[in-house]
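Look at the two complexes coming up: subunit A is in both, with subunit B in one and subunit C in the other.
Now for the complex of A and B:
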């Protein structure tokens, strides 16, 4: 499967999906005009890949500065998908990388982590810009 | 006279602490443009990161609510989602050391009760309850008559560290003016 690399824009995050290494990342701000059009295709590919894994190591970095409520719904879907991948016998690490000056983002990470049963959810502070 | 009128409008806005005001049809490009100006103004004001992001976040949810749900639109009755225009009024400012983001738009009378119940519920919830509802809504089915996540109001309440206020005003048989003010 071909790796996906989409540069960040003012309103959409950088998408960096390395299917060979199973290392995935979303970075930046996320409030795209059309959430489904932006995330639909890349998440479709990810779902296909994750569904085919057995005994693999998977890492997903969420390094987001801001996301709107429509993007939050997408994130929730991603977490559930990753949790399921972990339940099927893969070692999944989610890194939630937040700006330490924005405790809203820290709090949201903790909230999302609470509901996940099978992944290792790691909270990390963003490197100072 | 011309200058008097506009200067009067400007002063009236200033007296209310309003720094940004837009009344008109709202589009995603309007959101991008005003959003960028708000970010830059907050940077000049030296607002702390959490506050600045909170103001911006509430602004985005408020404007997207107008773009998606305002009942005042061109063409009247609605058209293609990509080309139709929806009308609303937005103010962003600061009073008594608190930032505020207010939006107002027409809604259909039949939607008043649903909105009022939902917002009254949100107003009485503490942060733990709000976060639980937020997650439930993110997971749940999109409610009828709602595009996007249907969690915009909860998101606003979570970011509005100083609370929310809302109100309704009868316009005619069909329409009611709805406004929501969030303090950050």
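Now for the complex of A and C:
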């Protein structure tokens, strides 16, 4: 499967999906005009890949500074997908990377973590720029 | 019980759980579907709660940003208001409206230039304390600036007690109108100086200022001069020097114009031709025109009436004497006149 690398724009995050290494990342701000058009294709491919894994190690970095409600719904879907992948015998690590001064993003990470049963959810403070 | 926005949804979930747990649904297939549906509903409910919270947080964050932007705008507004005091209002307006580029650009335009200073400023202020000089010069420049702005002038700069003003840029009403506005302004300034002198004398300043004015009309380079880091919106050229030179030959309380200005305003004011002068950088002989009748009929319009002789000092401020205080002033003056007449017949 071909890796996906989409540069960040004003409204959409950087997408860095390395299917060979099973290392995935979303970075930046997320409030695309059309959430479905932006996330639909990349999540479709991710779902396909994750569904095929057995006993693999998966890492997903979320390094977001802002996202809107539609993007939040996408994220929750992603977390479910990753949790299911972990439930199927894969070692999944989610890194929730946030600005140390952004209490909002920290709390969001903690809330998302509450629902997940099988993944290892790691809260990480972003290195100061 | 505290108000809960999701009270109904929570109650529905509890009820569904209790139905599922009670064994009311006897068909195992139906119970399984019911359980799946309940789980999906619970998840959806959780997502909804989370999204509502996220939306509220984002809104709060947005409000915080908007508030901080308001504060910054307010701060910038305050700063720009303060900075505006260092610029002529027209220049400030044209820069802030985006009409004018802040760049080292100049153009050639026909302007009417006004140049004034205080006669013997140094000697006049020699025995004054710095605080008094500051008060006098600020009072003088404040009053003159107000008149200049009223006439639509561009105040170029203050150089100590000297004032450089021009008409014709950035706004112009035409060369003749600009010249008329400049001369009209100069007349009003000289007339107002009478009031100021009366005020200053009353305040105890024994040698109040006398202003001299030179006016010239001609082509100048106008625009931003200096460096990219520090520039001045000003005028340069031989015609500017000529205005300064005309000021130098003007009488105290007088206004002297070049022929170029006089030619534009001669239908409206009277002037007498003075001795020709030479000005460095200008090859032609310059004929100065001294404006006459500056103070014609001025007494009726002046705010102050002041007269001082040995044994008599009279000062009236018509700005303060209103219909309540005027009759008393009249009574006192009539009493004074009566006594003066009585003394005469003794």
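By definition in this document, the second predicted complex is superposed on the first by the 129 of 129 C-alpha atoms of A that agree within 3 Å, B and C clash if a C-alpha of one lies under 4 Å from a C-alpha of the other, contacts with A are read in each partner's own complex, and residues count from 1 in each chain.
In this section, a contact is a pair of C-beta atoms (placed from the backbone, for glycine too) under 8 Å apart; a residue touches a chain by one contact, two chains touch by 3 or more.
Since the model is a prediction, treat every value here as computed from it, not as a measurement.
When both complexes are superposed on subunit A, subunit B and subunit C occupy overlapping space and clash.
Within the superposed three-chain model, A:35 lies in touch with subunit B and out of touch with subunit C [touch as defined at top]. Of the two partner chains placed by superposition, only subunit B is touched by A:99; subunit C is not. Of the two partner chains placed by the overlay, only subunit B lies in contact with A:10; subunit C stays clear of it.
Of the two partner chains, neither subunit B nor subunit C is touched by A:57.
Contact comparison for subunit A: of subunit B and subunit C, B touches the greater number of residues.
Within the superposed three-chain model, A:76 lies in touch with subunit B and with subunit C [touch as defined at top].
Shared-chain residue A:111: touches subunit B and subunit C both. When the shared chain is aligned, no partner comes close enough to touch A:18: not subunit B, not subunit C. By the touch criterion stated above, A:68 is placed in contact with subunit B and with subunit C alike.
After superposition on chain A, the stretch of subunit B that runs into subunit C among 7-15, 61-69, 79-87 or 133-141 is 133-141.
With the contact threshold set out at the top, residues 66, 68-69, 72-73, 76, 104, 111, 115 of subunit A are in contact with subunit B in one structure and with subunit C in the other.
Residues 46-47, 50-51, 53-55, 57-58, 61 of subunit C are the ones that touch subunit A when the two sit in their complex. On the subunit B side of its complex with subunit A, the touching residues are 28, 32, 36, 48-50, 53-54, 56-57, 60-61, 64, 131, 134-135, 138-139, 148-149, 151-152, 154-155, 158-159. In the complex of the two chains, the subunit A residues touching subunit C come out as 66, 68-69, 72-73, 76, 104, 108, 111, 115. Across the complex, subunit B is touched by residues 10-11, 31, 33, 35, 65-66, 68-70, 72-73, 75-76, 80, 99, 101-105, 107, 111-112, 115 of subunit A.
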